[in-house]
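Okay, so chain A shows up in both of these, paired with chain B first and chain C after.
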Partner chain A sequence: MKNIGLILGVALAVVAAAVPAFGTPYMMGVVFQVAMWIALAQSWSMLSATTGYLSLGHAVFYGVGAYVCVLLTGTIPFEWALLAGAVAAAVFAAIVGLPVLRVRGPYFVILTYGLSELVRHVVMRIESALGSFGRMIFDVPRTEVLMWWMVGLAVLATLGAYAIRHSRFGAGLAAIREDEVAAETVGVPVTRLKLFAFIASAIIPGAVGGLALLRTSYFEPAQAFDPVISFTIVTMALVGGTETVRGPILGALGFALLSELLWSSLPQLYMIVLGLTLIIFILFVPRGLSGLFGRLGRAG
Partner chain B sequence: MDTLLSGQMLFAALVSGSLYALVALGLNLVYGTLRLLNIAHGDLVMIGAYTAFWMISLFAVPPIISLVVAAALCALLGWAVYVGLFRRMLAKPELAKRVEANSLILFYGISVILQNLAALAFTSTSRGYQYLDTVITWQGVSMTGNRLLTLGIAAAICFGTILFLRFHLFGWGLRAVIQRREAAQVVGVNLNRVQLLTICGGFAVAGVAGVLVSMTEQITPFMGFPFTIVAFVVIIIGGLGNIGAGVLAGFCLGLVETYGIALTSPGYRSILIYGLFVGVLLIRPEGIFTKAVRS
Partner chain C sequence: MTTPLLSVSGLRASYGPVQVLFDVDFQVAKGSVTTLIGANGAGKTTIMKSLAGLVAPTDGEIRFEGRDITQVPSHDRVNSGLCLIPEGRLVFPGMSVEQNLRLGAIAPAARAGHNQMLAEVFDRFPRLRERRSQLAGLMSGGEQQMLALGRGLMARPHLILMDEPTLGLAPVMVKQVFETIVELRDAGFTILLAEQNAKVALELADRAYLLENGRVALSGPGAELLASPDVRRAYLGM
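Now for the complex of A and B:
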């Protein structure tokens, strides 16, 4: 039971491995989406679930990754462009991290949101000043290759989240969540730990943004930095449950399937369901699906 | 330079400043008394705007009457939120512990629902109507009737609220709750009543602001969020829970925005607003006009 997150991750990888063998491009697309949300939700949990600093601006890392990737594709192989996207997101996190992480509680939540929107508008301004209204990319890798990369990122994010939670580093982050002042008093280097967690949670979204860009082969800043991405990540993680590694996986699986059913035909209805589920889970199931299953497991 | 110093420019700044002050007033009252950062506040503006639009398009009811209808509608919503969600959240210790962050996410959910319900019901097409758009020229400054009305009503509500808080017994109780919630209860302020009436009042004010906006601008289901951000900027500059300074900050933002855009270009409006928002939060989350704030 303890390692169920890892088991789920491995199971997903196995399923993904089976898909290209007999799957349709549509199936590969679904796996790509599911893996993408798992990677994003796990990365988010590295900072927000461990420290309690709820980030409502993770779209900014996704967007930075996508932007760097679109600027570089064509000049270097896409693998290197993805890496550059991840590095750019991490560097961005390192630069803004110290001032942003001084702000606590609800202010941190709205600050991350505002920061993401600020970067979105700045990039939109830059792009329109350059006379570009969306960039097309040619020569994108095959869907199968992209799917493999995304599944790899999802596994990497899950392993990373697991490793952080079960390390000395993670214990320090948990201390910050419980009582930051007390943690600092007993010698936990809170500033450094928070900054590391912030950077760690930015890396994979940077690469994910690049991959998602290659899949759609079209870059438009309003979409790449869409606040709906941040909102979806938070909803998935909170609905899945933030106390365990399997939580974000459960949340991402559930919503990615729901989105397959509703997003293309009834996007507004999908958003309404997302909002309703979030409210219901915050009020009635604060420990999320993962907590719910845990309780059932113990009862049975 | 001439346009910058003209009365025309000042009038435009005052109109948008009064609207910002009004939208922020409601948010600030709700935050002060309930410690609730209502990220869905701008969506109430949207609801008010659609109320006015449908009232005039379907029943030919002028916006001046819709003001009352929108206020009542939003007040009702405030009551529902308070009784249905907020008390429930406080009743759970694990949620009450981090009530501010949790309520923020909760209200983000509400915001998403309201926006998309409106988009489903009314489609995403932007809409507008014409009302009092004749130009009045006074001392060389041209003003449309609807803008004049906006300025008048918004300023009246803002300053009326400040006077009410200063001179009415209920206003004293409200200020006491903002300053020290527990102490206010000890001296006999009915916390529950103050909170319920404040959330109804705060929501109603947002609805009124929405009616005013709809008289001069196009409305869409997603128009609310920029207002939420503007209101956050205003109350963070003024100091959370500091009502008077918030109104002042609203007018200041109107001036900064109008002249800032005049000096650069309208394309920079969002960058200016979000830049201020991030900058103010990073430098002084407790507000610029406040001396000190208790947690």
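Now for the complex of A and C:
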């Protein structure tokens, strides 16, 4: 059971590998979406599930990655643009991390949301001052290539989240979540570890933002920094369960597939069903799908 | 005279505009039990937090093993052997007893041989061994105090700072905590104890400091303070 996150990650990679063989562009698009949300939710969990500092602004890293990527595509190969997006997100996290991580609980939630919105509006201003109302990208890689990259990021994020949880670093983060003062008294370098976790959780979303940009081949700040991205990440992670590495995978998988089904059959009910799902899970399944499956597994 | 293990001079601390410590001086000799006694609000906990690096003093100097640690971050103090058992115990409630203890050895200096240390802590507190997989938050106050102390020992401290270890405990547990302190001293540990329970603290302390309104009002061997008419009247109700 302990390695189920990894197993699921590998299974997903295998499924994705099989898809192009018989798959349609639509199927590849679905795999791309599922992998994207896994990568984002898993990255988010590196900070928020481990320390309990709930970030409601992870769209900012996605947006920064997308923005850097759109500025660089055409000048350098797209792989390097993605890497630059990831690095930019990490640098941004390193710069804002210390002041942001000084506040806890609801204040941290609101501050991360506010920060993301602030950056969104700044980028919108810059773009409109430059006379640009959205940038088109030409010559994007094929969907199949993009899908592979996204699956790679999902696997990487899962491995990263797993490695953090099973390391001394992760033990220190868990101590911070349990009681920050007590963590300090046992010798956990609290400020440093929180900053490292914040940076770690920003890297992959930066690259994901770049990839998503290449997929849509269009950059528009309001869309790249859309707060709904942040809300969706948190919702998926909570529905999946934050106590295990498999949680974010289950949440992202469940939600992405549910949304595909609903979009095609009952588009008008889509948001209503998603909202209801979140409420039901918060109230009745606090440990998420992961906790639910764990319980069924033990009972059976 | 040998240099003391811990030496505090001219320590001042404030919470916002309110100054709570005024030029506090004291020393802790290696192998001794030193106690800080005084009423609520006298500054005991602030001193302990300053020593652990959780409160930044506005002035003064803290020397530990001959080194000025006044500006050293708290995790580096733990790593160099200064360990606080905080007031209110502050165990990690959602973790098991064993996880709590293992986290006590997270400082780099404590990592080597932490399994052996765990065995030693379990030998000292058999109750913790019995309850090793129990969630810490579900234990009684006395058990949590034992756990907090065991967690502190995991860091292999040269000096143990105990802040109000008997606060809120049943009398039988209070007695046990004090017995443990004596055992630890006999095993060679150095202890600085902040305690409201002045009588017992003075009885076992090699040296004692009486704090009043953030200042050291009186100091001397524990037995001497115990015999002082002022202390007897104000703190022992005699």
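In this section, the second predicted complex is superposed on the first by the 292 of 300 C-alpha atoms of A that agree within 3 Å, B and C clash if a C-alpha of one lies under 4 Å from a C-alpha of the other, contacts with A are read in each partner's own complex, and residues count from 1 in each chain.
Here is the rule we use: a residue touches a chain if its C-beta (ideal position, glycine included) is under 8 Å from a C-beta of that chain, and two chains touch if they have at least 3 such contacts.
Nothing here was measured: the structure is a model prediction, and the numbers come from that model.
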Which of chain B and chain C A:V190 touches, first, second, both or neither: second
Chain B versus chain C as contact partner of A:L283, first or second or both or neither: first
First (chain B), second (chain C), both or neither touched by A:V181: second
Partner chain(s) touched by A:E117 [first = chain B, second = chain C, both, neither]: first
Per-residue touch tally on chain A - higher for chain B or for chain C: B
Which of chain B and chain C A:R168 touches, first, second, both or neither: second
Chain B/chain C common contact set on chain A: none
Of all residues in chain A, those that touch chain B in their complex: 52, 54, 56, 99-100, 102-103, 105-107, 109-111, 114-115, 117-118, 121-122, 125, 128, 231, 234-235, 238, 268-269, 271-272, 274-276, 278-279, 282-283, 286
Residue ranges of chain A touching chain C (in the complex, touch as defined): 168, 171-172, 174-175, 178-179, 181-190
Complex contacts: residues of chain B adjacent to chain A: 37, 39, 85, 88-89, 92, 94-95, 98, 100-106, 108-113, 115-117, 119-120, 229, 232, 267-268, 270-271, 274-275, 277-278, 281-282, 285
Partner chain A, residues of chain C touching it in the complex: 52-54, 73-75, 78-79, 83-86, 90-95, 102-104, 106-107, 110, 151-152, 154-155
